[in-house]
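The first chain written gets the first letter, and so on, giving A, B and C; residue counts start at 1 in each chain.
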Amino acid sequence: MTAVQFIPGSSVAEYLSLVRRKNPLIHCVTNEVVQEITANVLLAAGASPAMVVGEGEAEDFVGICDGLSINVGTPFSMRVQIMKAAARKARELGKPWILDPVAAGALVWRDKIIFELMRTGPDVIRGNASEIKFLAGQGSGGKGVDSMDSSDSALQAAVELAEHYSSIVVVTGRTDYITDGTTTYSAEGGNPLITKVVGTGCSLSTLIAAFISSTDSKLEAAAACCAYVKKASEKAASDSKGPGSFHAAYLDALYNLKPEDFNA
Amino acid sequence: MTAVQFIPGSSVAEYLSLVRRKNPLIHCVTNEVVQEITANVLLAAGASPAMVVGEGEAEDFVGICDGLSINVGTPFSMRVQIMKAAARKARELGKPWILDPVAAGALVWRDKIIFELMRTGPDVIRGNASEIKFLAGQGSGGKGVDSMDSSDSALQAAVELAEHYSSIVVVTGRTDYITDGTTTYSAEGGNPLITKVVGTGCSLSTLIAAFISSTDSKLEAAAACCAYVKKASEKAASDSKGPGSFHAAYLDALYNLKPEDFNA
Amino acid sequence: MTAVQFIPGSSVAEYLSLVRRKNPLIHCVTNEVVQEITANVLLAAGASPAMVVGEGEAEDFVGICDGLSINVGTPFSMRVQIMKAAARKARELGKPWILDPVAAGALVWRDKIIFELMRTGPDVIRGNASEIKFLAGQGSGGKGVDSMDSSDSALQAAVELAEHYSSIVVVTGRTDYITDGTTTYSAEGGNPLITKVVGTGCSLSTLIAAFISSTDSKLEAAAACCAYVKKASEKAASDSKGPGSFHAAYLDALYNLKPEDFNA
């Protein structure tokens, strides 16, 4: 069994401070549905979003950005070529990049795309329990984007996946686990209302790109990001009456939370 | 003249309960503008959205989903091929699907696409008065997406269209009419502020897909969906100060309304 | 040094009244990220949005719309062809159109697209200081979409650009400048929180299209639009707790502000 440690509040404070100070520019090749919330989450947290998907510029922009986020939520051939080219370039230039393997295991065509991207060496893979278990060769994947499994059930799969791909793996759910195969952190809290707002998971992946682009301690930074989002989710739930007001309150909370709020 | 009956509150309660219990997975091939609100409306109501548009997976996903929603708000050739293939597959597999013929009558190229999709046998066609009248061979269509006509003026066109295509036709406006050509329901109420929020009409169509995917009584389910949305719109208007706060309050209302709220 | 005059409140009232009365239909070929907020800003202000990007209809729709807005935030080849065709058609038919040269100077491929569009004769070019300075041959452009420079530093560049292209140039920032090379207006106020909400700049460009489509006094109308948005931004900031609630409050303010609110 893997030993799991909480990410301490002092680490959350430290890595959130770095994001606020460095204002990393994140190259987002994400799905059609979540582009606006993804940009707004980055802005609220203190990073800068840029969605660059043109045939003549998506690769070049890897050289300009601080980190890259790739999300296969709505893949189509033209966009998949951009994803692959950007991922290869990130690898070549040593820029950190994260893969969000949305709905892995549900559709054969998509799974091939996901596995090809995984072989291009993402620094972080972030998924829900169904996705991570499928990628680790367990289970059969989710029904669309909904996870059927608790994150606890995917912890061992996350560790194995991290070892196999020499990558950080983040499996999110009621508890988030963040592992590099050797060290495993957890982040707890949050509120289930967040699952009723589209793009909160996808934008978390992109926000992790901002956190890992601001430091060399990528595992701790990814875990800090998860804890920060859990706290924002709790705050938002206490300020809202349903998923519509939650969405606004969540962005407000990401914006208003300060590093010192985690030092208590 | 067609006899029109109100959809009773007990039916709204019944079909909303079914959506909440069955949590139908809806395959959305919709326009670029409304993807986020469409997903959020489905989530708030108790269904699951999936936007799947890839060349290698959109057809396959018809076999996985519970219902399909096609919206031609921003058609372009590549996406139109996906719409046609998904619609044909839905027909082949007997999966329910709905067509939202946005701006029918305004542009010749789009009209050809719409008529081809209509010949693929949608279970439901949902439009505003201008669109429905144009499709029934009356009037000249709308200026863009705005309806020039009241829904009352399109009732007869809706009935004829339903008969001609053996489809359910929903024409929305101040009063919504839901007809299969023989039986016609109406849903009243709502608030005009909803017309100042983009995607509320488009997402209603997709929500109807969720309702009709949960039962064999598709006509009653479609009418129940309209009445549920009217009520959420009224509640949202009373909780908001303009279209921005309405948007959030509308999602909150869809989420918070319970079947028993319609049994009174 | 260019003489600068404030746009008077009576002009803001006048041009806002025209938009509310004429309800101009704006053809938006904009970026993937901001489509929803763009449509909602137009609706809240009293205009009508239409996103038409199909190969067989984007040009034809120029003949139907009252004005065209082109934004190169997320260009890709297929969409760039649509932009060029729509811009040429607008020029041919004498329909007003605006160009938002997002991130000009950051990427060579995009810059070529921008300069080709500029040669097609936009009525208005709207950018931040970095973009306008780059287009005028000064500076090196911005890091992604963030402006590095204050709008004051770009005033001279805006005037020169306006003269060179016989176009109105709007450079936005803490102070907005609106110039045709001879007469220059300014609009002041606003709130920096608006920079934390994606699409507020892009949707301002599209809203300027609505204002200039409602009158022949395009310079004054563009300036009036900027002043209206500054006021809505101030109102929204006073009603919100962060960027999430600002977004909703901003749309509410655009909707609730009346022409007479500017006559005081």
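Note that contacts are C-beta pairs under 8 Å (C-beta built on N, C-alpha and C of every residue); 3 or more make two chains touch, one makes a residue touch a chain.
Note that the coordinates shown come from a computational prediction; the quantities given were computed from them, not determined experimentally.
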Proportion of interface numbers common to subunit B and subunit C (over half same, under half different): different
Turn needed to bring subunit A onto subunit B - CA fit, degrees, nearest 5: 120
Between subunit B and subunit C, centroid-to-centroid distance (C-alpha), Å: 33
Residues of subunit C engaged with two or more neighbouring chains: 32, 36, 78, 247-248
Footprint of subunit B on subunit A - complex, ascending: 31-34, 36-37, 73-78, 80, 103, 106-110, 143-146, 195-199, 240-245, 247-248
Complex interface listing, subunit A residues touching subunit C: 25, 32, 35-36, 39-40, 43-44, 48-57, 60-61, 64-65, 78, 247-256
